[in-house]
Structures are given as structure tokens and as C-alpha cells.
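In the part that follows, the structures are each spelled out as C-alpha cells.
Both complexes shown next keep subunit A, but they swap its partner, so subunit B is in the first and subunit C is in the second.
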Partner chain A sequence: MLKWVLQLVVVGLVVALIIWLYGNYIDNTAEQNIPTDFGFLDNPANFQITGNELSANAPIRDALYQGLLNTLRISVAGIVAATILGTLIGIARLSSNWIVSKLATVYVEAVRNVPLALFVVAGLLVVVLGVFPTIQDAWELGGLAVVSNRGVAVPWFVGAGFGLLAIGTVGAVAAWIVARWRSSVSDRTGVLPRSGLWAGGAFVIVFAIGWVAFGYEWTLPELDGRQTVGGIRVDPSFFALFFALVIYTASHIAEIVRGSIQAVPRGQGEAADSVALSGFQRMWYVILPQAFRIAIPPIGNQYLNLIKNSSLGAAIGYYDLTLVAQTTVGNGSPAVPVFALTMVLYICISLVTSVIVNYANRRSALVER
Partner chain B sequence: MRTTTRRALVPLVALALLGAACTSDDNDSSDGDTSTDGTDATEETTATDDTTATDDTTAPDDTVEVVQSDESTLDAVIANDSVRCGTRDALPGFAVLTPEGDHVGFDSDFCRVIAAAVLGDAEKVEMVDLETADRFTTLQSGEIDVLVRNTTWTATRDGAEGATFVTPTLYDGQGIMVAADSGFGAITDLDGVIVCVAQGTTTEGNAANEANRLGLNWEVRAFENTDLIQEAFIAGQCDAWSADSTQLVALRSVYPDGPEALTILPEIFSKEPLAPAVADGDTEWAQAVNWAVLATIQAEEFGIDSTNVDTFSDSEDVSIQRFLGLEVEGDDGAAVLDPGLGLPSDFAFQVVSQVGNYAEIFEEHLTPLGLERGLNSLWTDGGLLYSPPYR
Partner chain C sequence: MNATAHRSGALVWARRNLFRSPLDGALTIVFGAISLWLIYKTLSFVFVTGRWDIIRVNLRLLMIGRFPEAHVLRLVITVIGLAAWGGFLAGFIRARQVRSGRVPNSGTSLAARLGDIGMRLWLPAVVVLLLLLLSSTPGPWITVGLALIAAIIGRLVGPFAGRPKLGPVGSAVVFVGLGAVPVGLYFYVVTAVGFDDWGGFMLNLFLAACAIVLCFPLGILLALGRRSTLPLVRVVCTTYIELVRGAPLFVLLLLANVALGFFVPDSLVPSTSTRAIIVFTLFTAAYMAEIIRGGLQSVPRGQIEAAKAVGLSPVRQTGYIVLPQALRNVIPAQIGQLISLFKDTTLAGIAMGLFELLNVTTAITAQEQFRGQGLIGETITFAALMFWTVSFTMSRESQRLEKRLGVGVR
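Moving on to the complex of A and B:
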């Protein structure tokens, strides 16, 4: 009974606090004539977003949408790259090669213990401004890419992005069907499935057919005075932030991967050895699938961290959701609605990521009958 | 796991229902009160904002009090015996934090002008360094009393940002700076270039609009602070650097390769009146700050400065007597003018003797950077500085 009363009191206090704070907010904004509604979304944004198609007269709504897209771009790219790099380093830490394992240890310990904000600023000041050349001395890598401190221009396609996405989806479905077919063949006959190879081939073939059929073309980047034309230019701030997020998150993922590999029962590796699998086969077919089963939930946490950490890009002018929100407030939009909206958007991104990770977790979990 | 959640939810729902019931009760009773109180009370409730009325469910008198603000900033400043002034720490000429911990500059001096006027002591000021993008939220939340941070007065900031601007301290305009060896001589030479600006400023939008207007292809790149812009500029990531022209002059004066490495293009393409701002809804405080600023302008017009202000104590000029808080002979004996601004009667004397008049402040901080008075001359010299009469 007492438990109940205590719980009621606590809930009551929390609710009272929220009501009090909200009342304060309403009173204070009314006193200073600050709007509390979302009408500001239709006002002109009055700033450009480098690398995005957004005119200065576009409404704030569009600017926030571009910011959201930029957050998603850096998150997806960062997650993919950090997973690959982190896994490699995690495996390297357990290598029997002394130099490789020590280098990996030094990497993990050095990077994990330095604040991320430092990497972000270093990404801009050291990598982009320090290492990359000026546009006048840009590196033209065989006509395929133009690298300068104004961005990295790479080949890109001409045509509707949506159509290409549709072709990619069809390709992915084809790849999935082929992979299923290969594994059923393998179950029946015992030949190696090589699903990855077959699925990749199917994807490439479907994609190539779609590419030609719908008349897509490449454009190559070229230097033109102080800018580049053709291709697509990856913004230097994107590059700096990407560098920082990948380096940092990979060090955390590496530790998770190392721990998960060590958690796979020793007998599994010995069994793989006893049927004469090669080192790669042993890792790829036996150890890693079981290690990832353990690693998925903590790696999912790192993904969420990476998404939220991408807001540090605001410090170096990467127009992610946070920076767009900040700029909007600086230009005269009311702070509370803008940041409330931004928070909701971040929560949505995080929840969707969680759902995907949980799905992967459930799929990979041991099915007990 | 499931059951615990449910157990926690039950009291929450119960309480929510209870809360909803209570609120509606209160509303009913207060509605009843108003109607019995008579017409006056009803008018008061309808006059107030809807949200305030429903939130504040007690007597209508209280609701009115909320709208009228609890306490004037002026009283709070006097009670604290200190003015909290929002400023910055690294803009040469305007506000620079010295190694000794003092703020030196044009804006910093206007913080002192306000302290001298309100508290009679120019040093009773607490400088709060702010990032550009945070300045208005800090002002709204009452963490600072006044914002003197080379801030442009615009309609949106006056309205939606909850700021009230007073008389501008500097009439500025946006310009563009390029490397002297870049070969750019006019703004129209700048096509297909990257223009770097500070984030969260009017500069950002102005640059984009100007490029549109002139049909030039500019990529406007924003950075968090001027240090980062300078790094990017030195590394050649930016072709041009845009900011208020006074700010450009100031930044050029501390450029690592020397001021002559940079050229400021002649075109000015925006109006940037830089004015102190206070939070909305406190007219008394806004007026006090406004007249503190005006006192520096009026003093210059009278020819009163910090070196000669004492010699005016026996002035025969009635308007100077009023201005300096001296006794003025009237029909019913000598009296000191009290215009009811809530400022001490000798506030102008304190401002001029402790900080100086407008010309002194400008010449101390901005003239060394190579800035001309230009628009910031007195109206009698063809400028825009004009103080309403003090009487």
C-alpha cells in the first residue's frame, strides 16, 4: 500500500513539475510576445545550405527537411563505414601477429579516450584544411575525382534519383531470390552456396540492365575555375565529420566485436580447424556469424550514438538537423518550437534505428524449439 | 517485466484523470467568480491572452499581474548593483577579452555606459560572453539584462525573438573582403566563388540574396566563429569573406599576414544598424538603456567630453543644466529635471565623466582600426546620430 502511495506521490510531483514548467513557458513567451506555434515553418529560411539544393527564399520547412536528409546521409554513411572498420580492427586485436594486434590495441585505446568533438574539429582543421590542396592545386585522380579543400568531387549519374532507387530495389529483391535459391541448392546437393557472390552478381546484372534501359549516364567531375562541374561534390564539412565519426565509433565497435568473438565457445573454432577450414573460412563461416549474434544489441547502441553524435557537425558548419535548427533560431524563429520539433525528429530517427536493430537481433537469435 | 509496466501505468492514468478532473473544477469555479464579480472582471479576463487565462485559474487580478510582468529589470539591476551585459570576447575594436580579464572595445564601453547611467559606476557591469547563435535565447531567458554584441536590428528579431532594440550605437553595412593578390576588384568580379560568413547572422542571408540579385554564382559557407573562418580563408577554402564592414576592418587589423594582405571591396550591400537590445515587455528598462546610449550622442552634440565635463557645472545653458542634472531656475524656484526615466538625475554626467561621449568611444576603439565616422557622425555633420531633446 505504502508503495502505491509513494508511486502516486512521485508521479504527482513529476506531473506538477511539468505543468509548472509549461505554465512558466506560456507566461514568459506571452509576456515577451514570442510565438509558441509552428507558423514560422512557412517563413523564408534566408540562408543557403552548402551542397544542398535550397534557395535562400525557401521556407524554413524545406531547410529543416534538408537538415534531416543531411543527418540521415552522414548517419548511414558513417554506420556502414564504422561497422566495416570496427569489425576489421576488432578481428585484428585478436590476431596472432604481434604487430597487428598491438597496433589495433593502440588504435582502440588512443581513439576511445579522446573526446569526439576534438576529432570533429581536427577533421576540418587538420584533414581538410591541412592535408587537402587548394582548388588551384587540386588532385585530379585520373579524371575520376577532384580532391581539394572545397570538397571531393566524384562521378555521379544524371537522371532521376527516384528511378535509380527503384532499380536498386528490384536488384536487391533479385539478389535475395538468388541467394535463397543458392542456399536451397546447397541444402540439396551439398555444394558450397556462395550466396554472396551469386546475389552480388544478380544485383549488378539487374542494375546494369535498368541503367541502360532507362538511359542513365555518368558525369565526371572537372575543374572549372574555382569550382568543379559535373559529378557530385561531397562537402568538406561532410568529409571532416565522416572522418571523425567513423574513426571514433569504429574504436567502440572494435571492442564489441573483440568481446563477442571471445565469447564464442572455443570448441567452435577447434571444430572448424578439425574439418580443415582455412583461416578466412573459419572466421567468416563459423566465428563471425555467432559473434554478431552477441554483438548486435551493443553495436545497435553505437549506431544510435553515432546518429546523435553527428550533431557535433554543427561546430564545423555541417548543416545537419541541429545546425539548421540553430541557424533558424538565430535568424528569428522561436527557440522552443524549433527545438521541440528537432527533438521529435531525432527521436523518430533513433526509434526507427532501434526497430531495425531489434529486427536484426530477433532474426539472428538462436531459435529454440 | 510486462506486469511491472502495467503496475506503474495504473497510478499514472489515475493521476492524470484526477488532474483533469481538478483542472476542470477550477475552471468552472473561476468562471463562476468572474461572472459574479461584475463586468469589470469579465472584461479583464477576456482582455488577457487565452492561454494565460486557462492556465492561471485563480482570480482575474492575478492574471493581469502575470501579463504586466513580475518585476522590472531596472529594479533588479539596482538590487543586484550590477548590469549583466551580453557581449563577446574576440572581435577587435568591439569587444576583446584582454589577458588581464577586462573587456575592451566599442560594445564593451556601451555596456559601461549603461552601468554608469543606471548605477553611477561604469565598472558595475558583468560581461557575459555569448556565441552568436545563442544571444537571443540568453536574452529571452533573463540571463543577461542587455545585449550589446554588434547585433543588427531587424523586424523579425524585434518581433519573434522577443527582443526590443534601442537607438543604434553604430550604423553599419555588409561588405566583402578578399585576398589582396586574388585580383578581385569589385563585387561583380566574384562569380563562381565561395563566400564565407559566420553562422546565425543576418550576413548569411544577405550574401545569398545579394548573389541572387546580381546574378552571381556564390556558394555561401557558414562557420561557427570568426577563428574558423580565418583558418578556412588562409587555407584557401574561401575566396571571399563577408561580414559587417566595420567587423571586416576589425578582422583585417589582426590578420596573421598583416592587414595589407586583404582588400575590402568598395560595395556595401545591406543596412546593418547595430543596436543594444533588451527583452520584450519591459518598457521602463528599455527606456533607461535607450537614454543611456542617447546621453553619449547628446554629450557630443553639446561638446561635453570626459575631460571638460566638470567645467560645465556653472553652465548658463538651460538645456545643458537639465542634461547634466544641475539645478534649473524655474518659475517656482530652482529644481533638477526628473523626466521619470528611473535614472539618477546626474546619469548623463556619470556616463560622460566615467566613459566619455560618443566621439571619444568611437575614436578610442574604432578609429585605430581605420574606420571613418561616415554615417556615424552627428546629424549636424551630415551623419545619422540624433538624440531627442532631454527636457
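Moving on to the complex of A and C:
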């Protein structure tokens, strides 16, 4: 009985608070003639998104969609790069080589304790605008990239879009099926599975077939007077945000990887040594698979942090979801619906990511006895 | 074999740690070269190419923002008061620990203990010294000197307050007094200069300190609520935690900045700094709740059963048995969260335009005498050093605290 009274009191207080806030909101917006519905989504955006051909007359709906895509772009690119860099640094911290381990330790301790916002601002103002040359004497790195303070141009596909993404997805599915098949063959006959090799091959074959069949091409960036042609030009703000997110998140992932490797029982490494595996084989086949099983949940948290931290791009003019929302509000759209929508989108991205991470976690946990 | 045994230690060490195999040797050479280059670049930036005048001239702006000249004395008194309070607290806690037998009373000499403090605090001490050397007035020197003396006096007086003779009333007075000092000092400063006029690194520290103090009780309540057997309470707490954790702090700050005014009557709309503190508190409380929940789950069932067996009420079971162990078990994660809160105070500058350290560093490069000279590298390095020193010291102290409380040992 007492329990129910207590619960009703708590819920009653929460509901009363929400009603009070909502009532104030309705009163205040009615007083100032501010709409509370989502009709603003059809109004023209009245601003241009850098690096996007979307016209300024396009509705806010489309601008927000482009912002969402930009958020996903920086997140995916950042997650891939931060995972690779973080894993390497985490392994390096445990290296028997004194210089390598000390350098990795200095990196982690130096980066982890400095606010991300500092890296973001420094990435744009110090690295891109300070260190990179003007377009006239841009660095042309072996014809593969053109680096200047207007951005970094890298090789890219011609006409790339969802078609290429679809081919990639088909390739990935094919690779997964082949890997499953190889491991079942290995279970039956005892031959080495080499699933990685087979899956990689399947992916490359499917991708190559799609590439040729649909006539894709790729171009290298070149310097042409005061601009670059060919390839794709990565905006200074994208580059700075990417640089900051990767450097910062890698330092956190490195710590997780180090902790997970240390959590793998010593006997595993000794067993690998005793069957005469090389240093690489010992790491790749014995230690890392077990370490990643431990590391998946915390690394997933870092992925979520990276996605949410990408909203800092708004500070340096990267048109991610946050900056599009901020600009829209600045142009006179009602603040509460815009930011409510933005938050819902972020929460959806977070939920999808954590579903994927939980799936990976369950799969890897199943392998355990 | 004998020959290697007689070789000098350094050679053996180098062979074992730097040139174990050809690949190892190659790594050593490549990364050794990179390290040397980095050291050279850093040293030349600090001592040769860096133009640090901009820091010297703007030191005051960087540290305390546009705090009015007339009221700086209040800040000085606050710093000294906080130093005395900190010393007193250290002595008080130490005395109580000695009394309860957790720490040996004697055995360590004064010199050893001073050495220990030196090992722990040399880094912030060096940075404070650097700041003092950059300052052009005697004021900061006097402040730091008096603060040091106040801390030592507090440390010497503290143990007397921890004596058992005081009795329950005396202890209560000491506890209330300890809580009242920082609050009193806060009001002493804020009655003269409302904290919308605060700025610089002081504002970062203040925002973080407020949110840290406020987020703890809320986080504990949310964690207990999420683990509660009452379904409705659990749903409310879980929804709150998951919603807040799904959204970026930056967007929450933007929302609070432009939209908070819609949700409360005009008379209640808080100032910008207060809004920042509210958002930081609500945001960190959700993360804190998850960390504390992990701690609660790590307390063995036997502990709760034992508490029930000796007839403690549910509130006492939680308050005396479960919560202390839960909080102790997750100290590193909690301090990690507080460090990230401290670092996130820079977002208040970007999202709300508060004049905190990051905003000062970008603003001073636009001053007339420094404009267009590309000094942003120097100013951001200075800001990074400030944040780094505080965060690094906090994380090192947390490791020490963890060891002292015997997490994972007892």
C-alpha cells in the first residue's frame, strides 16, 4: 500500500512538472505568436550548406536531411579511423619496445586530459588555416592528394552515390555468407578456414563486378590554377572536425584496448608462444579476438560519444545536423520544435548504434564456453 | 654468456628494450627519430618561436575574465579561505582515519609525508609557479603565499576538530561549519559580482564545481530509482536517463540557451551561467546514475542479506551498507565522468557565449596589438596546459584514492 502511494506521489510530481512546463510553453508561444507545430519544415531554408548543391530555396526539411547525412558521414569516417588508430596505440602502449610504449603513453595522457573543443578549434584555426599552405603552393602528395588551406582533395569515385553503397552492401553480405560457409567447411573437414581471406576475396569480386557492370570510375585530384579539379574536396571544417574527433577518441579507445589486452589471461599469450606463433600471429589470432570480446561494450560507448561529439562541428562551421538546426532557428524557425526534432534524430542514431553494438556483443559473447 | 653478464647495464637494457629483433630495431630508429623531432619542435616552440607576450599581457583576462578591479580583493580572500578550508579538511579526515585505525598514526616521518605531497602535487605547483612568473604584479604572489600559509595552519588545526572529545553536538557543528565555508565564500563573492560577470579559467572551475556538487545527489537518486522495485519509479528514472544520454550535450546547451525561456514564467528565467550549471547538472546526473548503478550491481547480495538479518530498515540498508560500497567500487569511473564534465565546460563558451577560457583564448587574438599575427597556436596551447594540468592531477589523485580505499583488494 505504502509502495503504491509513494509511486503515485513520484509520478504525480513528474506529471505536474511536465504539465506546468508545457502550459508555460503554450502560453509563452501564444503570446509571442510562435508556432508550435512542424509546419516550418516546408518553409525555404534561406541558407546554403557548404559543399552541397542544395539551393537556398529548398525547404528546411531537405536542409535538415543534408545535415543528418553530414553527421552520419563524419561519424562513420571518424569511427573507422579512430578504431584503427586507437587499437594501434593501445597495442603500442604494451609494446616491449621502450620508445614505442613511452610515445604511446605520452600520446594518451596528453590527449585524454584536454577538452575536445580545443582540438576542434585548433584543428581549424591552427592546422588548416595556420599550417596548411595557400592554394597557390598547395602540397601535392604524390598526385594522390592536394592539401591547402581551402581543404584537402582526395581521389573519389565519379557519380558515387547510393548505387555504389548498394554494391558495397551486396558485397558485404556476400562476404558474410562466404565466411559462414568457410567456417562450416572447416568444422566438418578440419581444413584451415581462412575466412578473412575468402570473405575479402568475395567482397572484392562482387565490388569489381558491380564497378565494371555499372561503369563507375574514379578520378585523382589535380591543381588547376586557383582550384582543384577531380577527386573530392574535403572541406576545411570537415577535415578539422575529423582530425579532432579521431585524435581525441583514439586516445580513449587506446586505453580500452590496453585494458582489454591486459585482461586476457596471461596463459593465453604463453600458450601462443609455446606453439611457436610469431608475434603478429600471437596478437592477431590469440590475444586480440579475446580482448575485443571484453572491449566491445566500452568501445561502443566511445562510438556513441563520437557521434554526439560530432555536434561540435557547429562551432567551426561544419554543416552537421546541429549547425543546420542552429542556423534554421537563427533564421526565425521556432526553436523548440527544431531542437526537439534534432534531439529525436540524435537519439535515434544513438539507439541504432547501440543496437548494432549490442548485437556484436551478443555474437562475440556466444563464442565463449 | 659470461661476456654479456659483465656488460654494462645500459647496453643490456638497450638490447632488451630497444633492439630485441631487427624489426624492433627498425621501430626504435623510426619512432626514436619521431620522438626527437617532436621534442625539438616542442622545445623550440616553447623557448624560441612561440610569442608568449599575448599570454603575459592577457593573463588576468585568461584567469578571471572581466572581473571588476574593485572586487578582486574578494577573490583573494576566497582563495585564501578555500586553502585554509582544504587544509583543515585534510587534517580533519586524517585524524578521523587515524582514530578509526585505518591509517597508522606514526611510522611515517614528517619528511616522508612532505615528500609524498611533493610527489603528488609537483605538477600543479610548477604550473602555478609558471603563472606567477608570467604575472607582472605582486598581487598573485601575495595571494598564493598567504593561501599556502592558510592551508598549513588549517592542516595543523584540523586534527583537533576530529577528536572524539567533541561529542555529537561538537561534531555536528564541525560538519555544518565545513559545509558552510564554501557556500559562505560563494555568497561573499557573488553579492559583489554576480557570476554572469565572471569569466576566464575561474568560470570553468566554478561551473564544474557547482555541477559536480549538484549532480551527485541527483545521480544517486536516479540510480536508486532505476534499481527500485517500484515499477513506475523505475520507468520514470530509466526514461530520463536514456533520453539525456542519447542527446549531445552541445545541443542541450543550445536548447537551454534559446528555448528555456519558453518553459518557465518570465520572472523565473535564469541567467546564462545558471542555465549552463542546470544543463551540466542534469546531463552529468544521468551519466553518474549509470555509473552508480554499476556500483550498486557490484555489491554482493550477501551484504544486503546481512543488513536485513541485523534488522536494518530498507533506508538504512541502502544508506549504511549498500551505497558506501557501491560508490567506492566505481570511484575511477566517477572521477572520469567529473573530468569529462570539467572539460565540457568549454562547450558553454561555444554554445552560450559565456566568457570562459576557450572563448578568451580566441577573443584575445583579435585584440588590436595582436591581430593578424597568427597567435592562436600560443593561446590554445596555454588553455590546453590549464585544462590538462587540472584533469591530469584529478585522474592521478583518483588512482591514488582507489588504491587507498582498497578497491578490488578488500
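The definition used in the following text is that the second predicted complex is superposed on the first by the 346 of 369 C-alpha atoms of A that agree within 3 Å, B and C clash if a C-alpha of one lies under 4 Å from a C-alpha of the other, contacts with A are read in each partner's own complex, and residues count from 1 in each chain.
Note that in this section contacts are C-beta pairs under 8 Å (C-beta built on N, C-alpha and C of every residue); 3 or more make two chains touch, one makes a residue touch a chain.
Quick caveat, the model's predicted, so the values are computed rather than measured.
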A:L164 in the overlay: touching subunit B, subunit C, both, or neither? Say first, second, both or neither.
neither
| request: Considering only touches as defined above, state whether A:L125 meets subunit B (first), subunit C (second), both or neither. | output: both
- Partner chain(s) touched by A:I135 [first = subunit B, second = subunit C, both, neither]: first
- Query: Taking the superposition as given, does A:F40 touch the first partner, subunit B, the second, subunit C, both, or neither?
  - Reply: first
Partner chain in contact with A:Q7 - subunit B first, subunit C second, else both or neither
both
- prompt: A:A335 contacts which: subunit B (first), subunit C (second), both, neither?
  reply: both
(message) In the overlaid three-chain picture, which partner chain does A:Q326 touch, first (subunit B) or second (subunit C), both, or neither?
(response) both
Which partner does A:V114 contact after superposing on A: first (subunit B), second (subunit C), both, neither? second
According to the stated criteria, A:V154 is in contact with first (subunit B), second (subunit C), both, or neither; which is it? neither
Contacts of subunit A common to subunit B and subunit C in the A-superposed view 7-8, 11, 28-29, 34, 125, 130, 314-315, 326, 329, 335
Seen from subunit B, its contact residues with subunit A in the complex are 8, 11-12, 14-16, 19, 49, 51-52, 55-56, 66-67, 69, 132-133, 136-137, 140, 154, 156-157, 159-162, 192-194, 199-202, 204-205, 208-209, 212, 217, 219-224, 228, 231-232, 235-237, 239, 279-281
Subunit C residues touching subunit A in their complex are 17-18, 20, 24, 27-28, 31-32, 34-35, 229-233, 236, 243, 245-252, 254-255, 258-259, 261-265, 339, 343-347, 349-350, 358, 362, 374, 376-377, 380, 383-384, 387-388, 391-392, 395
The answer for subunit A against subunit C in the complex is residues 3, 6-8, 10-11, 14, 21, 24-25, 28-29, 34, 95-100, 102-103, 109-110, 112-118, 121-122, 125-126, 130, 308-309, 311-312, 314-315, 322, 325-326, 329, 335-336, 339, 342-343, 346-347, 350-351
Listed in rising order, subunit A residues that touch subunit B in their complex are 4, 7-8, 11-12, 15, 19, 23, 26-36, 40, 43, 46-48, 50, 55-56, 124-125, 128-130, 134-136, 149-150, 224-227, 236, 314-317, 323, 326-327, 329-335
